[in-house]
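What follows is a group of structures, each given as structure tokens.
Each of the next two complexes has subunit A plus one more chain, namely subunit B in the first and subunit C in the second.
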Partner chain A sequence: MPKNSKVFLGFMGLALLLISFFLPALAQGSGPTDDEVNAIARQLYCPVCENIPLDACGTVACEQWRGIIRDKLAEGWTEDQIKEYFVAQYGDRVLAEPPASGFNWLAYLIPILVFVGGLILLGLGFRKWKEEKPVRATSRQSKKGPPLPKADEEYLQRVEQELKERSRSQE
Partner chain B sequence: MKKVLLWGGLILFLVVLGVGLYRSQQGQVSVGQPAPEIELTTFDGETYLLSDYRGSVVVINFWASWCESCKPEAKDLQAAYQLYKSRGDVLFLGVDYVDTEPEALAYLEEFGITYPNGPDLRTEISQAFRIRGVPETFIIDQEGIITHLQIGPFRSLEDILATIDPLLD
Partner chain C sequence: MVAEIGFGALFITLIFAVYGVGAAIYGERSRNKAWIQSAQQAMKLVFPILTISIGSLLYLLASGHFEVVYVANVTSRSMPLYLKMTALWGGQAGSLLFWSWLLAGFISAVTLRKWDRDQDLLPWVIVVNLVTLIFFLILNIFYENPFTRYWQDASGIITSFGQPPGALPIFPRDGAGLNPYLRHPGMIIHPPMQYLGFVGFIIPFSFAVASLITRRTDDRWIQLSRSWTLWAWLFLSLGLILGARWAYDVLGWGGYWGWDPVENSALMPWLTGTAYLHAVLIHEKRGMFKEWSMVLIVLTYLLVIFGTFITRSGLLSSVHSFAQSTIGPVFLGFIALTLLITAWLLNSRWKILRSPHVVQNLFSREALIIISVVLFLGLLVTVFWGVLFPMISELVTGQKVTVGPPFYERVAAPILGGLLILMVICPLAVWSYVSFRSLGKLLWKPFLVSLIGIILPLLGGLTRWPAVIAFWLVAFVLAVNAFEFARRIRKRRKKAGESFWSSLTRVFRRNQRSYAAMIIHVGVVLMALGIIGIEFFQSETQGTLAEGQSINLDSYTMTYEDLDIFITEDAREVARAVVSVNKDGELLGVINPRRDFYFESGQPVTIPGVRSTLLDDFYVILVDWKEVTADGATFKVYHNPLVKWLWIGAWVFILGVIVATWQPKKTAARIIKSG
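Up next is the complex of A and B:
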């Protein structure tokens, strides 16, 4: 075999080897990847398999849905367009996060209201506790402590007066 | 004022919770109840409004191409449709639940189904009937009252005929 032919065959062999390496990658590059499909699928829930996101669901129905996502991505649809398509076909309940409209607002409002309500209750509780604390302290501490509240002072004065009157009457 | 707000919030929360529980606990639309109003647009683009068919017996079958237990009854439903077709007073409607169109059409072709079939868009029809799964079939009389509810597939053609025949003259 002439030397040129050997070199040519060598190049051809190398070229075939390279093609066989890169062909799968090229083929995959032509369509959406599993990650791209799952990125949308995990935001959707199939009504048949409640509480299982579409990317993790193994039923035939969910497999078909993922197929739709793949097809739509290949056609150039955006994530929002695909989600809108699923909502139009199967209703709002397919969305992991319900749209913030109508009755759905409650799903967003209630946690905030409960949180704010809890903070208010805590605040009120702390304030009450703070107000009560000095009163308890004064009953135990010496004369050097902070002044008594007005009501307590009047009461103590009345008690002292009554005690004096009693001791006088006993004399 | 603070107490009113707190109690108001608590009552509102309990009302919302109660409504949610009531809705989730509502059972299926059952025999003896009027059928809910539904509108089905078929894969061919025809529209069927249930109330337009007062005076006819209506058979509403919920199915899906991914549903294995729907397959055994598919041919029997088609056979029943063929038997009553000439009478003109029995309407068969197939509602395709949570399905994809290419697979649904392939299913209809596979079982040779020719009566009107359409997708359950936004799952509004299945929600109106509060179905628990597929297959489920509702038989509705001439007055619009549900007379039979089949949960799961019909076992035979005779089973289907036995639920429809008593309603016909």
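Up next is the complex of A and C:
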């Protein structure tokens, strides 16, 4: 091997060594920003500090998590991959919402069912209320509508009974 | 000695309360008025006796008797006197005693009113209130005794109220000190407000149950308990607002509401309480939906107990759950029992509660109010399920899940929108019947004015349509209320030929409640403005700066100028940054975000520096998990548009509730005369 090429290889080795020295620094310069880390951290919750999003939590554990996010981002992981990584490690509870699968479906289904059920009941109620003839129709209605119904007996009786009760209770 | 007095008073209160319940029931059954009066006297006395207990605990706290476990847990020598006193509600046992004491105050006050006309309700009001009090006293005596002491025996340090055999008393030199997060003024006032709100709703509940038991179908119970309800609502609202403010000022995440389970448990009784206040309007004016007001007040009571249960049982761990204890099953039992009894009562009285009236029209005021009640309940169902689901999931699948803000916001946003729409129509709707045409006649002018709410944001370059719609709705509600108010004054002036000012005051006095409602709704709308601002337009950034370096966010620039580090008398190390704020190159001022490190608990608390204007807040946090030195510090910076309107709206809201609650002598006299 000529002497020259030995020198060349030596230089190359040194250069590689130098590059490997500076690589982390270079990577840091163009690495993920705090904002990029927080954008993902905001959607995660660590199992210890319940209900505090990771981006606002000050514990050492949460700082380490943010460090992991930063490293993964630097390695080119996507947001979804990073979230999946934490789910695989610590379970569904790290996510802000239970994933809509299996038993967790109930989390989303029940409020909708109850609310829709309530609306149906209310709607039925409204229809029933409308079908029953109004007790006291206004003049606007009487122009077009059917003749005014007479106030029904049952209602009058009730009014009287309540009035009696009232005056009795005031004695 | 003082601890013994305190505990003794607690025990005597329990005896009085149990006696009161017995005497009331016996008096009612045997129709013997003397027994009922005796029960009433017992009920009157619970407050003064319990005050001795509270006074003892306050003395122990203030004088640093660290041999008492509670005192040692929540106070320390270095704390100022006012914090030692307010540490009364800084921990589990003390806050439960405080809760009981407030309830006793309300209960005693109820007995002071004239009962002549409502003798039939009285015994049951006594029973319901005292049973609730007994429950809390039992918790305090048998589970969470604030007067328990430290003792030492061969096995080590033990805690017990009385001296265990072979143990000697010990006197620790200092206590652990109050949780630093609870040392903020907002956190000092927030719990009493919250508790007053919780406790206050027990009074209308007791009247409702009394009315159910005696099979009365009139609205007397509502009239009797109206001012209690309004006060309760006022305090609960204040509690929520102060809590939100505290979160914004201390927790340092740039927000005011995190849908935390404990926040939710305070919100739930507020939701049903608010729905109740709306439903009783129909009950009073039209005699309809009596069963709704009953169900709503029962729900409110159950949720008050549930809320206290959640925060106090340690069932959830969150920012708020500082305390954990073994009282969970007792609470659950009490809730189940109450649920069973009230469900049975409602079921057996359901028929006589039903009204023969019918809703005639979808735009009538009663229909609109019922829709608003349904919206409140819709949010309630979501929040309740969101709080419960993680526990159910843990029970069923063994895996815990987080139900966080996105879950709630998805529902809360459209419901807030729906409520805004109702607030547009409701002031114009009348009872029983409104034609579409007459509604349109009143609506078109405010509608034209409200278009400003679309045009201005569009001109400002806003492109997100949900935000545009939200702004438009806000403008619409404000315009409708302004037009309606002006119309009524004009009408009055025309009729009476008075000056503008005398018309204004007369119109206002004539219908105080309806104007109070108007003020409250305007407050809600202004709050909505703040919520829209922060939810749609909040922006943030974070960066580590050396002195003299800057961060840009939107049109703002913040520059890290200086850092002071000093130690305070109350054992904190304060790192206070000096940050100058520029907007478009112009210096606006200097703010001081800081980080307080508490030596006793080893806990840091970040206090943001905020520059707040009507247009936006510039909010800077000294990030607490990074080292702070003059060489470099990490800042998190938030730009929160319009958030100040949240607080302004909140105070307008509170003003409205005060107007509703406050009864001038004249009105009171009229009510007495006509009632």
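One rule holds in what follows: the second predicted complex is superposed on the first by the 104 of 171 C-alpha atoms of A that agree within 3 Å, B and C clash if a C-alpha of one lies under 4 Å from a C-alpha of the other, contacts with A are read in each partner's own complex, and residues count from 1 in each chain.
Just so we're on the same page, contacts are C-beta pairs under 8 Å (C-beta built on N, C-alpha and C of every residue); 3 or more make two chains touch, one makes a residue touch a chain.
Remember, it's a predicted structure, so these values are computed and weren't measured experimentally.
Of the two partner chains placed around the shared chain by superposition, subunit C is the only one that A:Ile52 touches, whereas subunit B remains out of contact. By the document's definition of touching, of the two partners only subunit B reaches A:Leu124; subunit C does not.
Applying the stated contact rule after C-alpha superposition, one finds that A:Phe115 touches subunit C and leaves subunit B untouched.
When the shared chain is aligned, no partner comes close enough to touch A:Ser101: not subunit B, not subunit C.
The partner that reaches more residues of subunit A, of the two candidates subunit B and subunit C, is C.
Legend: residue contacts after superposition of the two complexes on their common chain; A:Tyr155 is shown touching subunit C, with no touch to subunit B.
Within subunit A, the residues touching subunit B in one complex and subunit C in the other are 47, 59-60, 91-93, 106, 110, 114. For subunit C in complex with subunit A, the residues that touch the partner chain are 117-118, 120, 216-218, 220, 251-253, 258, 260-261, 316-319, 356-360, 362, 367, 370, 374, 377-378, 381-382, 385-386, 389-390, 392-393, 396-397, 399-407, 411, 432-433, 435, 540-544, 604, 606, 624-625, 634, 636. Taken together, the subunit B residues at the contact with subunit A in this complex read 2, 6, 9, 13, 16, 64-66, 98-100, 103, 119, 121-124, 127. Considering their complex, residues 33-35, 38, 45, 47, 50-53, 55-60, 62-63, 91-98, 102-104, 106-107, 110-111, 114-115, 118-119, 122, 126, 129-130, 132-138, 140-141, 152, 154-155, 158, 162, 165-166, 169-170 of subunit A touch subunit C.
Put simply, subunit A touches subunit B in their complex at residues 46-48, 59-61, 64-65, 67-68, 87-93, 106, 110, 113-114, 117, 120-121, 124.
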